[in-house]
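Provided herewith is a single structure, encoded as structure tokens, for subsequent inquiry.
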């Protein structure tokens, strides 16, 4: 991933052996584990870059992860290599591109497991509400810079649009019938601990993503009662920072099911246990897509979703349109590569 | 568990997938893991409730866990649901009742794994030695309130009684013969880390309970060399708070063995490494009961305990009387339910 | 660290942000955490290299870590970079050299935190008692190869010598007087879990080293009641492999104290809980040196050690001679560098 014109400070490589706790009982490493490593690399490279200038020291806070696909499953015992580099800088934000390679050290086989793009903004450590300026990077070519600018503009528009749907809540749905949305809807609660946080008491974006993947996985497994794995994650927007000492409520529900995939909407709400003046607020929201696998890791059919009421129908239609768009995009990419 | 008249702040539900590290090599989830989750739920609901009023911000500190039984084994891959709600408030303490359900998300099967009752007192964050007042809850009925008051009075008396035996020590017993008390007696030390603590530097009660279960499990396994699991825990009293920077010494020894069960006494001592003026003190004590299982999770016979000396004989008799009492109580409950 | 003539398979770089859980309450990252990362890098590069040939698939099992020094303290929030490369291969063993750099991503400052050399032997996955042959590496020069051969011969002799003292035991020492050896002697037990192990059920050497550092740190803190950090570790020999399902007993005691440092001997015994035919055996032994620091991370004086009996006096003299040798070696190195 290193390209000429990039200085050393703008890239990093991290790697780790995958252990049993990183995986489900079938040995498939959780998508959430990979997302967490991706964000760790992004936050190192982002924070390091933003401090290569005079002025307040700052941390890079994650504001958005672009849509990402899990291209190959990763297994226990494999070594995961995550390489990250800064690919675009605007005045107040920067884009990090990350590549995940899984290596089987017994056979030497390597496979591309994931590719992702993350957006960060630098927050001053003196005053976390102050956004700092980002030192510009040098581009390998004018085209590279222009492509980056386009990605920057596109995500800006999309982030505006998501703000609208952020206020929705998911009421609990006890005693629902099998294969309905209510049947598999799930919530978990996580008390934020010291190791979930940066030095300054803000929760790493990767911690939230790992929890979101965990809930989405429970929803998917409840719906189809098989071994399930994360196939992709739609753009994730981090609306507000989460502080140390909060309780996170992470809720997931099925929105759409195709023959071979399940789309799960996941919402993260943050709530201070101690400070009454801080109201519970929506911190993150995203759509996860899971697939169901048999014992040889071959895809299985997914039971259809029983829709109840107009709201569920509306969300199903929206999910279907996301599904069809993604399918069309993948086909177009395949053709382009041939 | 939600009942009319309870406001949202007085209940919580948390859930988590059980991972390989939560379990022993046979796939049985450690009882200590379940106890830790129970206490996490209790401390969230307790802390939240005590802060629903004006005055100092405070944390709910665990002072007692009532006797609790592990009703069904829990396995790796299952989703554990812990629901907690406040069931009684006195002027300076509150009771939280917790229910643990284990769900196999592949088969949809659910089983009740544990039920527990915990007592908390609110400590001011300004001054941890100041006990705050607890906002009263509303009861579903006058009977519910009266039952709570009785539980409150009963635990108060029992806590007084345990204070007496709190000063005992367990000297080490090297080179003991197989199946004696000395042979399986075990100790561990644990340096309290940031993640063991609340924001204010006090160790979560659940952390101590998990360590206690760990030591008790090693004692039991050393005695019978088989797969062992926690069957029940006698009332646990938290005599004093444990601070960040302490070393905990957790020691367990067999007190009584029946055909099918082992009773292990566990003591927790806290020792400040840094502040010399704080002397080593007894922080927690309890009795754990373990059973031995074969590969199909069927109970096995336990080797008899070789008693040496009058002290061991005395403790054996006391353990036997607890064992017979519990047996009688369980029989009575069974008959009542028929 | 990459040098010409080395193929990609013989080196690796891993990095991680240090979190509160990796450090003590003063923010100093535990030496054991660094040792664990060093061994993770060594075992990846070693296992990968040994599988670059036909024949049985194998894992690289750690047999020895050469004496290593902690050159600068590492703090929470710093990014630790661990780079490892194979520096020598004999017929049945290989040497990995590892360098640890700590980077402050806010200031950009980097410092060398540790340098270590580890020896591995490849064990067949079909039959763990079968030692495989190691594919030879290419050396940058004939001198490099000759230097490696000398290190190989030297460690072979030293490993023989340590075998002799392996059988010693540390009896418990209750109720000892302050500043004696018995007063600070400490033990922990650890039940080996899945995440401590390779896929094949063998405990990573780094797991044992982390536990050893933990016990040594508690011994040191009990002796001087201050903030203590690992200064160096004498050669560690891994006498026998440790299996999943074992209980490890890790015991540490002071052997020697100078004005400014404490030497702690640490022994690791493994005990199978399930298989009765496997007797408890000595798995690892080593000497750790700790220093005491004030709030500005400046070294403090250490209270003298009260020696009781001839055995303690003998160990004290041996410790003193190791201390003087190391001091002389360091001085010689300093002069050579000027």
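Order of writing sets the labels: A, B and C. Residues in every chain begin at 1.
Note that in this section contacts are C-beta pairs under 8 Å (C-beta built on N, C-alpha and C of every residue); 3 or more make two chains touch, one makes a residue touch a chain.
Computed from a predicted model, the values in this text were never measured in an experiment.
Two copies of one chain, chain A and chain C, form a contact in which over half of the residue numbers belong to both partners.
The rotation relating chain A to chain B, fitted on Cα atoms, amounts to 120°, rounded to the nearest 5.
Separating the CA-averaged centres of chain A and chain C is a span of 37 Å.
Counting partners per residue, chain A has 20-21, 194-195 as the residues that reach two or more other chains. Contact residues of chain C toward chain B in the complex are 20-21, 23-25, 171-172, 174, 186-191, 193-195, 214-215, 217-218, 221-222, 225-227, 244-245, 247, 271, 273-276.
Those residues of chain B that touch chain A in the complex are listed here as 12-17, 19-21, 40-41, 44, 47-48, 51-52, 57, 59, 76-77, 79, 105-108, 125, 194-195, 197, 199.
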